[in-house]
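Okay, so subunit A shows up in both of these, paired with subunit B first and subunit C after.
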Partner chain A sequence: MTGRPAGPVAGPAAGDAVEEWGTDEISVHYQRRLALDKITLRAAAGQVTAVVGGDGAGKTTLLRCLAGALAPASGLVRRPAARQIGYLSASSGTYPDLTAAENLDFRASAYGLSAAQARARSGDLLDRAGLGDARNRLAGQLSGGMRQKLGVIAAMLASPRLLVLDEPTTGVDPVSRSGLWWLIAGAAAAGCAVVLATTYLDDAERAATVLALDDGRELAAGTPDQIIGAVPGTLRGLTGRPPEADEQRAWRRGGRWRVWDPPQSAGGPGEAIQPDLQDAVTVAALARELGLPGSTR
Partner chain B sequence: MPMWAMIVKEFRQLRRDRRTLAMMIAMPVLLLVVLGYAASFDVSSISVAAAGPQAAAVAARLPRPFDVISTQAAQGRPWAQDQLRDGKAVVAVVTGGARPVVLIDGTQLFAARAALTALTSRLAQPAQAQPAQAQPAQAQAAQAQAGQAQLTQAQPAQAQAGQAQAGQAQPAQAQAGQPVPGADLAALFTAAPEVHILYNPELTTSDIMIPGLAGVVLVFIGTIITSLGVVRERQSGTLEQLAVMPLRVRDVFLGKIVPYFVVAAADLAIVLVVGVAIFGVPFRGSLPVFGLGALLFLFVTLGIGVLISSVSQNQGQAIQLAVMTLLPQVLLSGLIFPLSSIVAGVRWIAYLLPLTYFNEISRGVMLRAEPIGALWQPFAFLTLLGAVIVTLASLRFRRYLAPARARRAA
Partner chain C sequence: MTGRAADRALAGPLAVCDSVSRQFGEFTAVSEVSLQVQAGEIVGLLGANGAGKTTLIRMLLGLLPASAGEVLLFGAAPSRGTRRRIGYVPQGLGLYDDLTPEQNLEFSAAAFGGPRPELPAPLRRYAGTPVGSLPLGLQRRFAFAQALSHQPDLLILDEPTSGVDPLGRARLWDTIAGAAAAGAGVLVTTHYMEEAGECARLVIMADGRVVAQGTAPEIIGAAQVTVVETAAWAAAFRVLEEAGMPVALAGRALRVPGTGPAEVRRALAAAGGAADGHARVSAAPATLEERFFQLAQPGFITEVPA
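Let's turn to the complex of A and B:
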């Protein structure tokens, strides 16, 4: 499973007011399967960009290309030098047989931090992540949430200009998720461009911009408001099961059903509701599946 | 039926793990064939160097299994002894004195025993009872008893200044009494020869095995442990993390190898000290030459470990492959079976194995005080093997770490 030889990589355009990293129309093949099809991603400094999509949508592949772990078959990747990239892979990327502090020591040393810088930065991040008391515990003995937090602060340790996080909140309890978001938002506030992949659309709603992927292709892109505002047609909410004619365009959310009516369709029972990001992405996926006009791009 | 479900599941998993399946089916056949040809202590050819005025006569008349590879009429015992020390011959015959002198390299255990047996029995028996062209296997069988008896009769070692030789064996003379007219050797050696076993006068097995076993220990540490260390990175997902970190491929490669290198070097030192202190194995040669050979050998074995890990998806596969490289090294490197006894169709494998060359170096330096000049071939082959294996390992390693390097132009 390897990417084909290099797509070109460029630094930020000279004179750009805001540093921006990302990809321009990159494609990746895994053997014969097209894993990414001309995907463009923008990641501005000081902002969080979320990449959303279901399993196998291409989120991890895109982030691996952006971080430099995989080379796209074609297209352009814009990223800073390796020393200025922080990356959390789909696993926590930490060594289970090293303590939390030893994991951070290794990162600090590999990124060329001085001993004093490493000590200060590690201590600060461990405390902010609530891992101060776990610094001498083996990473393999930490809970899933704690290990994810350790992975995130390890990626943040060298104060990168681009922080790439692959599903940092997956499998993490709500309290830990909140803590992780606090760390991530802090990095963005410090001027870092953060790109994270997530399957949770409520996580994505906190991001400045969102890129939704489906089967390696772009489904929707923009700010959450832009994506929501671009939903074509109308959305109905039903308490009971929708009629058979609507079933192809219906999905269950919580205890209620939602039905999407494309533009110029007759509509049906139920009350009109305002879509949120989750509805908008679902509509975009439905529209593509049914061959109806609905892409929000 | 729950057990049936379990059986079906196992078969499905086994079918997907083709490497294990191939090993389970192919390995027994492969082992049987290779071992069948390799597992032999029979010595069909004993290389001989002859010196002195009658060197040519010796060369012309020495019967099988002796195989005269060089004759030097103008040379004497020092030259003959150098031929043994440098591993060029197993037996050296020095003529021109009152009695011919036969020197035998005791580090070539089986060849030395075969030589001793052949010498003694041929001197002891009339020609008509001992055809010159007797088949080696038959000769061996017929002489086994006699050879064993001679070995036990061998005199204890007699230390000679500056030399690791002695162990004068007199059984030939004692048994033969007056040479029998008409016997091959008896006719050649008008007086019963002095037989000296050099370097390992008692023909002690531990003296031969321990220098080689030191190599086996290094293969264990070098190959198995290293292959696990790297594949563990992949399984835990940290190898990808390394790929995007500001580390060069050689940083990761050497960073992985160096700790194992240090541990294995310490292991080697311990094995040597134990071998010398407990088993009384002599160390007669140059420590720096031995150290250089050991470091080179370690580098190759660690390279094999990294190469294995780079083609393995998990630790199970890595161990399978490591064992597959370990087994032929133990069986075919000359550690147990003499290389000359291995059928040529299988013997070529031995020359692809680093332990074969380490054996030559360690036995040569430790037991025969062989100088580095005489060991240039094993050193050269080890270097070549090291270059090939480390290059392959680096290239494989680069496949995982390079995407982050080659394409990062910013």
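Let's turn to the complex of A and C:
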């Protein structure tokens, strides 16, 4: 079939009106603490959107709002009907006392799938996740990586239009992580809008769009290129620990040091460095910590 | 180097595993593993779950005897005495949740038989809070402070930065590097390949064996992946997936380890249509994670450089 003219580009990246879910300026309070401060998230169909931040940044709160498990105090949430949402919570979306297959059966009945649909889809997903041989093992006895994969395919079972995954890759070894990403990419390729929370910037680099959170507030948002392009000032790389004057704006990376110079600052020793996504998010966090303008949006 | 560190440098490796194996009944968890940690050196131990990392660490800590081979700590078999010279941060942090940071330190100092160390500055305002109520990032910093408080010669850290934001991670690594610069040897496991750059040397385990050792560039070597760039990535993904290739997504590009550009082009052309149209297919150097993925495949046997 070579030599055939390229037809119109298919798939979700085609530029036709793409379904979009997300939140508009939502805020959430836990007692008197502000857990989310006017957070806007866009999740387009056929794309992976990463919500990145450390422990306590607000990732879980945001994802719970998006999935409909929590109502924000203000702002708007756009999501499909409950049955079209697949949600993996941070605490694990599997029942330890049920086998892998029973976990999926249980989900299928909750989502109202017919027995035939459920069987076909479960078998396919278990095979894709490399869990075919583990179908009759108790979820509680699976390794961490296998259990996370089971949780992800359970959330994918009813072919949702919006898939919300809370830290599917945390504590998962790199091999299982590759497998998880393969499942996630497959869901996006099938046209689903995927939103996942992660503490790993290299997970975020695989996503089409990224929202970085810190202490309930937006630190940076956009495509990785937009976030990198918005870094204010310049970056320097040093092989050794930077001089004291730079120390507050410096961090260690890959055995070397990076120093951020805000706009209109004097600079210092070292060579100029092009930031990547990890640098960009680190600069945004430093700028906020130091009370300097530098948030990337 | 301080006098103490200089003594250590003269005294040879801090930790040695010489062809160490460990059986559990019929199951071989660790098979003929050899590695060394020198004073002032950070060694990264990478491996999938079940590769044998934790079993190896338990043998180094003296919690589990080797079935064969020899484990030496500071030139002697692991014992209560050697354990005193080790700082260990387990994955679960090993803190007492119901005790305050002060009480944890006091307990640990009593157990190790040293004076009670000062609480690190950022933790002082939490002195009266039970550790279990602190944010995870702070718990990690505290677990570190505690493991370092008896100035151990060897630090063993099991996934020390899991769940920490990039800035917090950079700060933890600064602490680890500081301990190494002061002469301690560090053996650290991580699932985060970016952190491998902090290590002087990496040891990669799969199925209980060491499958590669060296710096990250040495381990990656000439390994390559095929990169597919196309607006119709979703269609291309489905085609390559159906062809049984382990496709990964990077933004909107696809990365295919273990399959050359020619084969990928053939698969896309055979499918035709959107997947084939305007796809740019090229070879690129593998990342450490991709090389790791290849090394960790069952049955992938490779020569281990001496």
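The definition used in the following text is that the second predicted complex is superposed on the first by the 281 of 297 C-alpha atoms of A that agree within 3 Å, B and C clash if a C-alpha of one lies under 4 Å from a C-alpha of the other, contacts with A are read in each partner's own complex, and residues count from 1 in each chain.
Methods note: a contact is a pair of C-beta atoms (placed from the backbone, for glycine too) under 8 Å apart; a residue touches a chain by one contact, two chains touch by 3 or more.
Here the structure is a predicted model, which is why all the values come from computation and not from measurement.
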| item | value |
| --- | --- |
| Touching partner for A:Ala67 - first (subunit B), second (subunit C), both, neither | first |
| Subunit B versus subunit C as contact partner of A:Ala90, first or second or both or neither | first |
| Touched partner set for A:Ala245, first subunit B, second subunit C, both or neither | neither |
| Subunit B versus subunit C as contact partner of A:Ser178, first or second or both or neither | second |
| Partner chain in contact with A:Tyr111 - subunit B first, subunit C second, else both or neither | first |
| Residue contacts on subunit A - larger count, subunit B or subunit C | C |
| Touched partner set for A:Ala272, first subunit B, second subunit C, both or neither | neither |
| Which superposed partner A:Ala82 touches (first subunit B, second subunit C, both, neither) | first |
| Those residues of subunit A which subunit B touches in one complex and subunit C touches in the other | 2, 6-11 |
| Interface residues, subunit A side, partner subunit C - complex | 1-2, 4, 6-14, 46, 48, 53-57, 143-145, 170-178, 181-182, 184-186, 188-191, 199-202, 205-208, 214, 223-224, 251-255, 278, 281-282, 285-286, 289 |
| In the complex with subunit B, residue positions of subunit A that touch it | 2-3, 5-11, 64, 67-71, 77-83, 85, 87, 89-96, 107, 110-112 |
| For the subunit B and subunit A complex, residues of the former touching the latter | 236-238, 240-241, 243-247, 399, 403-404, 406-410 |
| Touch list for subunit C against partner subunit A, complex | 46-51, 91, 135-137, 159, 162-168, 170-171, 173-174, 177, 191-194, 197-199, 231-235, 237-238, 241, 246-252, 269-274, 276-278, 289, 292-293, 296 |
